[in-house]
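For reference, chains read A, B and C in written order, and residue numbers begin at 1 within each chain.
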Amino acid sequence: MTMELDLVPAGLGHALEELPLVDHHVHGVSSHDLSRMAFEELITESDRPVPDWMTQFDSQLGFAILRHCAPVLGLEPFCTPEEYLARRARLGAGEVNRLLLGASGIGHFLVETGYRGEELLGPSGMAEAGGVPADEVVRLESVAEQVAASGCSAASFAERFGEALWERTRTARGLKTIAAYRCGLDFDPAPPSAEEVVAAAGRWLEGGGGRLTDPVLVRHLIWAGLERGLPLQFHIGLGDPEVDLRRASPLLLRGLIELAEPTGVPLLLLHCYPYQREAGFLAQAYPHVFFDVGLGVSYTGARSAAVVAESLEVAPFAKILFSSDAFGAAELHHLGALLWRRAMARVLGGFVAEEEWSLTQAVRVATMVGVENARRVYGLG
Amino acid sequence: MTMELDLVPAGLGHALEELPLVDHHVHGVSSHDLSRMAFEELITESDRPVPDWMTQFDSQLGFAILRHCAPVLGLEPFCTPEEYLARRARLGAGEVNRLLLGASGIGHFLVETGYRGEELLGPSGMAEAGGVPADEVVRLESVAEQVAASGCSAASFAERFGEALWERTRTARGLKTIAAYRCGLDFDPAPPSAEEVVAAAGRWLEGGGGRLTDPVLVRHLIWAGLERGLPLQFHIGLGDPEVDLRRASPLLLRGLIELAEPTGVPLLLLHCYPYQREAGFLAQAYPHVFFDVGLGVSYTGARSAAVVAESLEVAPFAKILFSSDAFGAAELHHLGALLWRRAMARVLGGFVAEEEWSLTQAVRVATMVGVENARRVYGLG
Amino acid sequence: MTMELDLVPAGLGHALEELPLVDHHVHGVSSHDLSRMAFEELITESDRPVPDWMTQFDSQLGFAILRHCAPVLGLEPFCTPEEYLARRARLGAGEVNRLLLGASGIGHFLVETGYRGEELLGPSGMAEAGGVPADEVVRLESVAEQVAASGCSAASFAERFGEALWERTRTARGLKTIAAYRCGLDFDPAPPSAEEVVAAAGRWLEGGGGRLTDPVLVRHLIWAGLERGLPLQFHIGLGDPEVDLRRASPLLLRGLIELAEPTGVPLLLLHCYPYQREAGFLAQAYPHVFFDVGLGVSYTGARSAAVVAESLEVAPFAKILFSSDAFGAAELHHLGALLWRRAMARVLGGFVAEEEWSLTQAVRVATMVGVENARRVYGLG
């Protein structure tokens, strides 16, 4: 299901290159210069030290950096990691960010600020570095942890969280939950009672607050988020070792999806790898379910067309979005967009070459997935 | 694993076009003219209203209709949905059915009559509309629900069901269970005791009968079906939102497969998407297990070659069948056959082009999967 | 993601053909002549008699034998099974083994001796038949069953097993567990207490020993193996019907992987089909996790490039190995190597043709996966 880009119909390739993508789930770039170790830690989901007998450059993502980011920094494709990092250091983080974000052609960032946000550019920094609009997506668990850190009783937690959520999301475009990391997606989907929330908050706060993992509280956050009414993103599938991938299947959300249906809140399943087909099924079955293959594109590099192709099976095309989930290194922002454009060109171009789709249909679907669906779901300009 | 059809060896393409497919699991077509809303509801597995910001024509299945069914109705490929529906309305349901069923080249229909059968053509109507033989596959749950509706005590349910099953299947070729919808496939595989059946029937009938979901009764139906001795079809995987896809994996049937092995009854796993590889494993492991990728072909359209290819991995070729699972709209009957032929041409043609298979082998496997395996399993002429 | 081999860059095809593969998980060949029935039983994972209405030659593996092994025995490709078996019988097992092992180009065998080892060539026999070095991988469950068979009390089992393990592995390169077959991978990952082991050994030995399935004992074996310190192989995924594929997902090992991490012992996930993407995730997340797609290559034949491609997605390239898992019939040894070389040529050649990878990168990754990673993990010359 792949083809050489030379063979992609010119109109489709051009249309894809020009799309002002809405990256509906992305993190900021780091404004610091990065050591080799720091850089390698940003190009893997592993949180373990890189063993001395290997380098993270020997991966699909690493090869994609040397292939596609090197030229943006003025190097030949397929340079060595050493050459790449030396050029990166010489240019400095600010210039590297400007070059790579600019080359990405992303037209709008929805920046999730809840993870190590203090180290990274926020929405306004991203807007400045990228020269395009940027809005915020607020992580529910971070708001709750800030409420706990600011001092809060068990009895007042729910109310304080509600206030804080409202306050933090005045201008936000969406919410995000990392329940998949914190307690797995096999939680009881029903909203917990007020008493259960007080009891769970008591246990959590007595332990000093901190990392929120209690499934009762996670459920409360999700239901408070649904009440807030902004589109709600779920981390699904592939992630760092904290995630138990078995408990990160989108199919586990079925109960919640059905209970949440009357709220009308769009639910957005992020990444989904390797569960993109399962996500597609949910997106066909439920009108308020959407998904992307975000992180599954950049991490699979030369194989990303296969992942994108699997996302284009049973879901209606109005239910599929683009995101990069890039974090820290601007290479990830650039590659998230570039690999997606190339994958879509190959996959949709293949459909056209095989005379299954018309060129017009291919261009329209690329535009829906890359731009229009996100604009509609998030109410962007 | 796809290729342009121009590149498929001519002998293979021709052989596939000519195959008088046995569609071993299909529903009837509707003899009524269909409104746009009714038509769109037939081209999705979702049972929710189509939101006003989308159309089901924007999907792989929708695009396949505009590409492949439009010419059968005398339109250009890639016409608009409006043009398509207007032409469909002008021709009328009878003519549309005749054209599309005729174009499908299906040689024998095994019609499952248990779902909304009153709205659709039955086996004799399908035989007439398609001009080919049609036999019946009887849905176990429907027979049980009819027994309940006709008035029946808990104590007599098992006997009454047994009589009704025998009566309803005098000329039937197979049985079908939708346990995956009704209680999930993670049920206790052993046959329930007579006492358990009476107790469960009592609970069900006290509640007025109706939709049968009790796993004890579902198990009883399955074991009664095994005793009846006709090939037994299982809905697996993809379906409408009633299915919990997590509980519709064929791997959950392992216990039942092993317990049923001594009966010698062929077990046929239908659709299986996205579990086609798991189904292939079961078909290799157990002599009495067979499978198809039915619904997974029409719903994936331009991607159906990928799904068919995954079905041709570890299962012996004598264990794979063709079905369309088409329902209501004759477009689904036509596309089930057409997309399968094209997918097989591309996949098997690819094996030949890569010099992994001979042309003779490819034609023989296509004939086994499309015609011969079903004839053997169901004892067709 | 496949291509005709004619289109693979010559340098890559040549490099792959010349690689002296380390087959890090393989069984011996049979030195006996094989009847048709015996041969067909070796080319399926099913342990059931082959039904009279089919032949195991009608499968991807069967077709691959007729395509690729026939020429090694001096026949035309795509001969009939009868011609193939007649030639095989005429040549005799010794010559067939010599020809096929020689043609495989495997440079080093790590022979797992724990399954029907008495019928097959051991490491020294394989070294002689193949003309290359061969070392042993010891199956934990077999050692324990031998301890029980030799007479052993419950109280002394743990000590006797520890001694036997040390004795049996003096020159071994690795250990293997078939927990997936014996109790499923959803066992409690913690080491059992000494008391639990005594109690479980008591139950087992009272029953006469024999096939070890008690999860407490399986856990004890695994933890004793981790203490022994040799690389530890796990059967994962596809296998004979004894395996419950649902309980053979590598994701179930997460708890054990995390508990075992401080030991520094490499954990090697074998085969993994259809869970190769899940295995890749674990190999990215955890530095001590490695995997291969062994059995998933030979059994998928013309589709093996698809399986290999999926293994090259999210895992760093230093974490992927080659194995054939061949057993009994030397055809499986030859095909394990040949199909892997062809699959890598097509997949990596495709990356090069699409200008995503350089030729140098492709050759380097092929060498890492085929040879170098295993040499490093097992400390081979």
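Just so it is clear, a residue touches a chain if its C-beta (ideal position, glycine included) is under 8 Å from a C-beta of that chain, and two chains touch if they have at least 3 such contacts.
Listed by chain with UniProt protein names: A, B, C = Amidohydrolase family protein.
Quantities reported herein were computed from a predicted structural model and do not represent experimental measurements.
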Inset, instruction - Any chance you could name the chains that touch chain A (Amidohydrolase family protein) and chain B (Amidohydrolase family protein) both? - result: C
Legend entry - Copies chain A (Amidohydrolase family protein) and chain C (Amidohydrolase family protein) touch via same or different residues, half shared test: different
Inset, instruction - Starting from the mean Cα coordinates of chain A (Amidohydrolase family protein) and chain C (Amidohydrolase family protein), work out the distance between those two points in Å. - result: 36
Legend entry - Shared-contact residues (touching 2 or more other chains) in chain C (Amidohydrolase family protein): 1
Legend entry - chain B (Amidohydrolase family protein) residues touching chain A (Amidohydrolase family protein) - in the complex, by the definition given at the top: 1-5, 44-46, 48-51, 53-54, 56, 58-60, 63-64, 67, 77-78, 238, 240-241, 244-246, 273-274, 299-303, 305-307, 346
Legend entry - Parts of chain A (Amidohydrolase family protein) lying in touch with chain B (Amidohydrolase family protein), wherever the complex brings them together: 1, 249, 251-252, 254, 258, 277-278, 281-282, 284-287, 309-310, 312-319, 350-351, 353-358, 360-361, 365, 368, 376
